[in-house]
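Comments concern the structure below.
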Amino acid sequence: MFPGASDEREGGDVADEFGRANANFVVVGAPLDVSTTFQPGTRFGPRRIRTFAETFDDYDRRTDQYFSDLGVVDHGDVRAWDDVEAYLEWLEGTVRDVVWDEAVPLVLGGEHTVSLPAVRAVEPEVFVCLDAHLDLREAYDGNPLSHACVTRRILEDVDTVEEAIILGARTGSEEEWDRAEGDDVTVVPPEDVAEFSVADRLEGRDAYLSVDIDGADPAYAPGTGTMEPFGLEPREMREVVREVASQATGFDVVEVNDRDDGQAASLAGKLLREFVFSHAASR
Amino acid sequence: MFPGASDEREGGDVADEFGRANANFVVVGAPLDVSTTFQPGTRFGPRRIRTFAETFDDYDRRTDQYFSDLGVVDHGDVRAWDDVEAYLEWLEGTVRDVVWDEAVPLVLGGEHTVSLPAVRAVEPEVFVCLDAHLDLREAYDGNPLSHACVTRRILEDVDTVEEAIILGARTGSEEEWDRAEGDDVTVVPPEDVAEFSVADRLEGRDAYLSVDIDGADPAYAPGTGTMEPFGLEPREMREVVREVASQATGFDVVEVNDRDDGQAASLAGKLLREFVFSHAASR
Amino acid sequence: MFPGASDEREGGDVADEFGRANANFVVVGAPLDVSTTFQPGTRFGPRRIRTFAETFDDYDRRTDQYFSDLGVVDHGDVRAWDDVEAYLEWLEGTVRDVVWDEAVPLVLGGEHTVSLPAVRAVEPEVFVCLDAHLDLREAYDGNPLSHACVTRRILEDVDTVEEAIILGARTGSEEEWDRAEGDDVTVVPPEDVAEFSVADRLEGRDAYLSVDIDGADPAYAPGTGTMEPFGLEPREMREVVREVASQATGFDVVEVNDRDDGQAASLAGKLLREFVFSHAASR
Amino acid sequence: MFPGASDEREGGDVADEFGRANANFVVVGAPLDVSTTFQPGTRFGPRRIRTFAETFDDYDRRTDQYFSDLGVVDHGDVRAWDDVEAYLEWLEGTVRDVVWDEAVPLVLGGEHTVSLPAVRAVEPEVFVCLDAHLDLREAYDGNPLSHACVTRRILEDVDTVEEAIILGARTGSEEEWDRAEGDDVTVVPPEDVAEFSVADRLEGRDAYLSVDIDGADPAYAPGTGTMEPFGLEPREMREVVREVASQATGFDVVEVNDRDDGQAASLAGKLLREFVFSHAASR
Amino acid sequence: MFPGASDEREGGDVADEFGRANANFVVVGAPLDVSTTFQPGTRFGPRRIRTFAETFDDYDRRTDQYFSDLGVVDHGDVRAWDDVEAYLEWLEGTVRDVVWDEAVPLVLGGEHTVSLPAVRAVEPEVFVCLDAHLDLREAYDGNPLSHACVTRRILEDVDTVEEAIILGARTGSEEEWDRAEGDDVTVVPPEDVAEFSVADRLEGRDAYLSVDIDGADPAYAPGTGTMEPFGLEPREMREVVREVASQATGFDVVEVNDRDDGQAASLAGKLLREFVFSHAASR
Amino acid sequence: MFPGASDEREGGDVADEFGRANANFVVVGAPLDVSTTFQPGTRFGPRRIRTFAETFDDYDRRTDQYFSDLGVVDHGDVRAWDDVEAYLEWLEGTVRDVVWDEAVPLVLGGEHTVSLPAVRAVEPEVFVCLDAHLDLREAYDGNPLSHACVTRRILEDVDTVEEAIILGARTGSEEEWDRAEGDDVTVVPPEDVAEFSVADRLEGRDAYLSVDIDGADPAYAPGTGTMEPFGLEPREMREVVREVASQATGFDVVEVNDRDDGQAASLAGKLLREFVFSHAASR
């Protein structure tokens, strides 16, 4: 269970107050780990993020709120299996239930692919993404559901999505960079993220915020499948989270694995909390 | 390149002597790592086995042979991609080429699933397997190509295979244990392996020998996806390898990952060498 | 949640069948980690044991039972705090509740000290223990609640306990060895455990079985606070578990930490399951 | 022994020159590791700091001094035991001896709690602290000697201390943040540390400088019990050390554990040396 | 093989196009690991750099080039042995062959000592170096071929070299700092590297660029033998690489070991690629 | 300092009783780590052995002795440098001093090469060795002082040595196996060690006992440079130590590195203690 969240399955007072029906936010673990590039282990992402969040204070001074007061419920993990397409559909259903209950889904990856069903369920106008990679491939090794294609899939498959804003991207194939020049894509290189105002760019539209932890420089998040140097600093990522939170109706943090000393998971948990505090404070 | 093997791609004298055409054994790396159970990392198996074999002496006193004299060629890895079925077919082609060149394939996994195409290519009469698990499921999480089904697939899909002998097995589902009572399956629990004579059981038939490293007790091979305590000792495994080698026309060692300090890879490399020395000495 | 167990907090059918009231076994995590000797990390023991048990098959062939059919409920962890005495009292209450519900407590340590409150709650006649250490000190560094004193405390403080049988012990202070010569203590050195019949020694009395994972040789359980070479083999430990299970009304496995590649946790989870299968089969 | 320091126990010339009686600085290891929050291992802090300092050059160009010329003596570790209160008293005595010999104590933690006895012995006017946390709790889990309470304890229990300046703090309970608004506390968030002049704030008063390594961003010091993202950069910490050193009569670096690849210990050792070089140069 | 490079030994089309004779760049692994200071493991540097480069995209947007189009050939490793002097001579021959073929050598260390033979072979006018250390010792522990002496050796032994520019240096012995004041040495401390223009300083002279990965702050490259805090940020290093590349006729990246989670190797591989892209684009 | 030993440098009562002059045993750390084969890290061997011995009880029941009563003094480490020949000479001098003081040297490696100077100083009649390797090469990569040649060097260079008994050896070059057939060499393969009586073979002659930790199966000692499966069990090694101890005038344990979870160091420390207890008890 994410520290400070209520366990969806629990009975008693907690459930009365913030049981699924009244939840403001619902954590959904999505430990998918199948796209075959480099270092595996994103299946342990949800578990590690929850674990390394145990040390964080419940209270947030900036917004003067207690995390445990904000109505966060933890649904637990939607265990993955080998048929990715079926899994994504099932996951979409789970997230859609959250949306129907008027709560904000907080998805813990798992590989980036899990953003696709979450965005399908949330149906935002803009997909905002912190990522080292463009993830704009048509397919990777013939697989259109690879994590390297997720932003492309979202642009193509989710009707409500008008635009993708990719912050911190610093690498891609030629095809991806060309695709990135389309009107519906904005790429902000790491060097320019501090100066860029996402809020301005959103112009009040509904957003979904996806944090691929490899957007951070590997120093801050070595526990990820494909380290890409020259990345974002955590405070730059936090600023983006704060700016987008009030307009976001869905959130995920993905690509955390267990191959470091907890840095990636620690940062991931902190950004999720920052999202929750900022979103709640903006109401 | 496996230490002591020739690189298939190299030119010059080595190729003249043991180029693919004249090879006696061909190492094929098969870093498949997709079945979604527990600890991933078998994609690093071939690399680790080659690395930890670097310290072994070229010479073997028991058989008075040099490994580098035995005509072992390393084909390199057949890189995996997301479409498992297509990958297995491609891998089968690669191994079939080895067989057609009258060499013995030595497959480095990767997950156990890779034994299926290798056995298809080799077409043995008996499938001998060191494994903690029965691997006799019809499907696992709906996937008939999971590593947990490989022995069942081999029994069902490879016409030449009359029988499977599974040594060291100590766990399985009820369905698997029931299937194991079929006439075409022999299960030897770890406690009885030292007493069991595989050679007798083979009665001169052609065999394929598959070493799932988790057959060993976790103390000897912690770097594997699903540790299963109460397992085999390395000398018991070596004895099986020695006994089967003379009658085996194919060999693999699978399920080694990178999540230990090298114990699993070291044992895997040693068993492969033991196979080569014994097979060569029996000619 | 221990794999195959029901979550105590969950509603619905599972609870109907094996809710706390009808449970046969109740898992209680006791992540105490304060005695200041060498390698810390037993606080992660319960988590790791549950994690590494995920790969085990639900079905047990020997006893022809499914773990998930045996009425095991997981109470979750009783989180530790700095006042050890108060914590142990609280833990005793938790375990006593289990006993009153006529279920067998299965405690996951945490340091060995947690056996004391569990034994107090269970009130057995004999304390059977697999351990490298005698744990018979009057106090360690002035602390009578150190894990190095737990067997002494149990002998002195729990009125029902007539005797302690310590299997696999190979080290202790002179004071401990002298105490071990008392009529109420039997020490079986690792070399003799295979020959020793605990069942005979129990003569039908009620027992509590405590598995200090350091009873195993460090090769099989390096992830423990004080490795002690020349230890037991897992099959010897399993044999003891099988023999004692039918007469045991309480069980724990302790001293597992997170400083290895999962070997200690894997063995611990397996021995717990062996206990459950054997105890259930004997009814 | 800290590299470049003399061993207090050694005889001969070194002792003649910088034996305890003439030492300018005395290193005291305080491997306390009992407060039960998250990742343990601070007991290995002193050992790791000494080890990772072995690679540093003896000479410092900025101050044109040799570390080994500055009269640093290493007292070794004051081994911890279970009675924290008694331990802290003993430690206080050890540090008081250093002070009476007119040397500056350099304490190597161990958990932050060890600053309390050190400050008691040094009796400064101001407690300057680099820390991610406020450590201003009245008690944590009922324990007033938890590392999470150390700054509060120092403010309350040490008469000479007029004020605490906490640099880099970014989290705390509501109670702590409220306490931090007292006249005797100054909190400088990480973002403002570069601009803040501690020297100005000290106005010539005697200070004790405590470096909780978790003040650094986790990228620079992952080996600590409670990682807190969005932290200080090492150069910002160095600047504080340089500014405070001339007015400081006591120093510690705490909360380093063994759960990273040496980054935390390396930074800790460097900051200790920076303190010594700056303090010595200011005389 | 470095990802995107051709294997020198391979036959067929690749060799036709970019075989050794037509290569623009040649990767040479130099896994020397003998200087006896602190953490060993640079022998695994070439292997790790190649491995962690596997995830990088072939295409570079900034220069609009494909790495695999740039004529990079991988010679493999020049395996080290105990006679360092002889090894360096042999390595020099290997690099000289590259130079004679009019290709740019890209040496993968191994300890920094390997720059000496590479510079001897390349015969540049200026030795540009990113390093935490001055490496200007006459000898270290009596060994003039220690990695701590390599820049001194290059200045003294290679006739063509007029000057050494050391960027990011922050430590050295007094002797080294004094030597650094010679007219032929420029030291740029980490704090000033961002402002410093290497291109200006080069004035069109031929350069050799050596990247000692410990020039980076340990947060970005913990996997190196002697971590030295307060170092460079990767973007600062990248800027230097970009500036020098067009004038450099030789390149190396050294001192990467296997004692981290891949951060050092990942950064090293990225800087090598940046060098190649920039050099090629400048033609 | 080895736990239970006195520090040679300390003053006061301890030194009076067991100062160097009256010592019965002297621990000498010899962290040599230069022979270039595979996994480095033996330089950390002495440190790790001392560290992992901290958990062992001072008292030994079998011999009814306290380790701290037996007059063991720790000389500390003889720090290594690059000139191996000079280092070995210096080390020989250190060990010779021990011998002249009529104490038994206990050398902690470091690589196996350090046995050579120790044996030179001790001048035994028989060199008894537990090792996976024959170490009988004339030279390795041209280096006659490689750890792979140490037993050959001892046979050739130390006049008093009449014979080498190598227990647990299971690999070597053809040249080594041929040399092993000489009258002055006895090789006992791992399978036969349990049956072999070293005491009988010694016939009362003076022996030096060298424990290369890789003699153990990798399960028991993965932290060593060249793992060699199919090795000895710790109890078999202990039996050899007990048998030889009474006749041995020198002892070492070598080839322990820091690349495991402490298993190798733990076993090494235990075997050293077993040697001391047995030797002392036999007087």
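Here the chain labels run A, B, C, D, E and F in written order, and each chain numbers its own residues starting at 1.
As a convention for this text, a residue touches a chain if its C-beta (ideal position, glycine included) is under 8 Å from a C-beta of that chain, and two chains touch if they have at least 3 such contacts.
Heads up on the chains, UniProt names are A, B, C, D, E, F = Agmatinase.
Predicted model only: the values in this text are computed from it and were never measured.
Comparing mean CA positions across the assembly, the chain most remote from subunit E is C.
Sharing over half of its contact pairs with C-F by residue number, the repeated interface among A-E, E-F or A-B is A-E.
Taking each chain's centre as the mean of its C-alpha atoms, subunit B lies 38 Å from subunit C. Per-chain Cα centroids separate subunit C from subunit D by 40 Å.
The set of subunit C residues touching two or more other chains comprises 217, 219, 260-261.
By the touch criterion given at the top, residues 37-39, 171-174, 177, 191, 217-219, 222-223, 225-230, 259-261 of subunit F touch subunit B in their complex. Those residues of subunit E lying in contact with subunit F across their complex are 33-36, 40-41, 43, 80-83, 140-143, 146. Note for the complex: subunit D touches subunit E at residues 52, 54-59, 61, 64, 66, 217, 219-220, 234-235, 238, 260-263, 266-267, 270.
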